[in-house]
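These are the structures in question, set out in turn.
Look at the two complexes coming up: chain A is in both, with chain B in one and chain C in the other.
== the complex of A and B ==
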């Protein structure tokens, strides 16, 4: 199968030299957004990028969408180099971002999508038929003649999705497309993505998301990215297999005096603490080498004068994989 | 949809469609908000009326009222260039459109061209209303000496003016947060310099030699020569107030149009390259 996307030693550094654009008062700071990223996405694949804010996901998408140049290394999309040959790439791609506010409030939903379709040169008749089909699929048909400024957040994001898919891209970049949406709007978008990739075997989706469940549910393969580096890349099942030998324990206690005290317990690989202000409790998720440290953890809780309210040993999820690799959760 | 239905191999077809697509919101916008028609037609007449009354009170020839009406008509285009053309890419960046534009396969000039022509069409409503109402209310007598030349000068003036707006669009983007300030800074001096409400030759008559240099300097704003030439062709009785012969002004305007459009293209290419290198311009709030 052909590569839809391929990156080699892809590096992007921001700042570090005199910037010619405003704002001039912004501090000059060198930030390595992508650090020698090697990845390959096959044609027909739904590929996920998981990472915390600032991990480099959006930077990677912007380079692949020909909006940014790499500092070093290379990237190809649909076989074309992003730096040397952006035009044929632009004909074959599109992008939808979460929380996008693009378009003009004065136009109707249909007009707005039609306008963007014209930037890809789609014949008006073809574009209008496709817009109508997609609006129906996204259950936005009733709002086709509503001005964009009157759309709700969910409706607006559905409109953005139609805008992205109306050009029938070979490769689409979805940058947190369900960000901030209610359950039903997010579900509609996920269903559409799944259906689209199933119906179009040669199409490729690169999806970034904050939602582990979304990545787990949708993606053929997932890359976990942090600090500009890809830490792991595999199918969700294999990624979960990485922590199978480890034990994940979720513990809820009365509020702990020193939640960081578990650092010193032997066998604790990693753990995440959440303070629940409303219930005055502490939630802890531990990644352990085996069952052995559980006793020491319980002792530490009791030593701090706290009580264990509940304890659960759970099967690995992508979240544990993420915590195990990155050392922190996504929240 | 078939992939081949969507992909356009002919760049001319692609860019023509992109041009129409970008012009559409502006053309539609002019008629979609009825309140705009009121604000864009009746309110500008108030400042025009003030200047007409001043000339009348001073006992100036009636054709001076015509100078003012014509200036008030062209003000609409200048305001559109300043606030909706020059500042537009900056606003597009703020609302997140710019990165979608930059990612599309169309030519950037199709985008700017669509914005410009859409703006011209939108503004024509206000301009036409100011002209018609002004002529009717103040009973201005227009004597069209050479309709073809008049139409030519009007069109070339608009092309040069919107070419300047296209160039400014990139310059504003470069200076980001100062977009409002630049527009404010330019608005009033250009009202004065371009002679919207008086013949630009007044600079020379009142200030002598330095005045002539001021008039030459402000001739870089296409509106200056365009207005002067159109006034010559509509009010031939006041030819003595002409700055340069109308045909010479047309040639200069043609040069300005070519130079501004060429510079706009270069500036936008420069901005895009910089944006890709530095990652600033397609990012909101940076």
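== the complex of A and C ==
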């Protein structure tokens, strides 16, 4: 599969005067936003960048979207170098940023989006039909003729999503697209992204977020980034597998005769029993060394003449992966 | 329009005080001041386009990463600024001629010359405006002062409201290197019924065909310079991360 995006030793430094322009005693005010980032995103992939504020996510997107030049290293998008060949890249990309209020307040929702579609040379008739389709999909149809200044934050963000997708880009950069949105607006955007990538196998999405659940739910692969460096990059499942820990299993059974009987099962490190008087059931939470004791536990439940009503194996979360790599949470 | 009418008012006050120049001078000032609206609109308007898209509407990043050349986009916005200014110029000229009785005419025999001059001058103005606007990529909102300052230099040294001959020699030489000096002269050839006796002898001696040639050559040079300046500052802005900078002040 072809690479949609590739970076090699990509570095971006902000600020800092050259030594000859800086007073001798003045401290250097350089900020390394990206530090030798190597990454590869395949065509058709939904790739996530997960990191705290200031990690370098937006800087990376800006470089890939041809808004910013790298200090050193290289980046290619759709096979073209971002520094030397921005025009063919611009024909193939689009970008949506969250948490901003972009748009011309005097224009209506439809006019705003249409104007941007014209920068891509889309025939007006085609653009209008596509805008109408997307406005309906984002449940913004009722607000199509409303002035942009009257739109709520969520509506404005949906309008920006339509602006980004109306040009049918091969690669789209979504920079915190659900930032600051209410639950339903964020859900609508996530649903759209998931549907779009499923319907368009050759399209690529680069999504930055600091919502763990969003990254876990949407992304084929995730890169965890902090202080400008990519600390890990893999599928959500494999990232979680990196965190070596015990297995947690929750069981709900009919009331057990001897809830202490699990002490003798090898591999059970610990367990908690809770009797539910109202439902006449027993809840058990086991901490196991690995999956092996699960069979013995089930046998013991059956031996006591009880039935298993539900069983849930609790997997490690991305948050645990993030904390183990970065040493802190996202908030 | 306000600026032009203030000049007219000053002229009448001076006339009442007994120190007035002939009515031809009033027409000279009036025409120069009216057409200067194009210059100011282009210079300040371009600044507003970039700063507005960047700071207020926050749309510049989406325009910049689209396949359209940003240079082409800003030239397009420049033409809309010229249309807005053109309406203002027409209104001012109509008020001057109709209400104030200023001796402005139109030499129909020079209509093709006028159209050519107008188009060349507007293109030159836009090209300079785009270069100035481009420089504001590197500045914050207060970059508007630079646009106004450069427009002010043009106001003084291109013979907008007084002939170049009243300037010191260095000022006259400086003015003679600015293409718009020839634009204002050419426009007055068409719109003034008579030239004032104070008019600049150097400019008066230039035939219409030479004025057209100067403007055409100037357009080529100014356009190339404008493109070079714009490309350079755009590259610098992209390097420094200022394309979509928001300063909030």
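Points to keep in mind about this one:
By our rule, the second predicted complex is superposed on the first by the 248 of 331 C-alpha atoms of A that agree within 3 Å, B and C clash if a C-alpha of one lies under 4 Å from a C-alpha of the other, contacts with A are read in each partner's own complex, and residues count from 1 in each chain.
One rule holds for everything that comes next: a residue touches a chain if its C-beta (ideal position, glycine included) is under 8 Å from a C-beta of that chain, and two chains touch if they have at least 3 such contacts.
These numbers come from a predicted model, not from an experiment.
Superposition of the two structures on chain A shows chain C clashing with chain B. Of the two partner chains placed by the overlay, neither chain B nor chain C lies in contact with A:193. Counted by residues of chain A touched, the larger count belongs to B, out of chain B and chain C.
In the superposed pair of complexes, A:87 makes contact with chain B and with chain C alike. Once the two complexes are laid over each other on the shared chain, residue contacts for A:46 go to neither chain B nor chain C. Look at A:68: by the touch rule set out above, it reaches both chain B and chain C. Contacts of A:111 after superposition on the shared chain: chain B is touched, whereas chain C is not. With both structures placed on the common chain, the touch criterion links A:206 to neither chain B nor chain C. Counting contacts by the rule stated earlier, residues 14, 62, 65-69, 87, 90-91, 93-95, 97, 100-104, 116, 119-121 of chain A appear in both its interface with chain B and its interface with chain C. Note for the complex: chain C touches chain A at residues 57-59, 61-68, 73, 235, 238-239, 241, 243-244. Looking at the complex, you find that chain A touches chain B at residues 12, 14, 19-23, 26, 59, 62, 65-69, 87, 90-91, 93-95, 97, 100-104, 106-107, 111, 114-124, 126, 129-130, 167-168, 170. Contact residues of chain A toward chain C in the complex are 14, 62, 65-69, 87, 90-91, 93-95, 97, 100-105, 116, 119-121, 163. Chain B meets chain A in the complex at residues 1, 3, 5-8, 13-15, 17-18, 20-22, 24-25, 28-29, 32-33, 95-97, 99-106, 111, 174-178, 274-282, 286.
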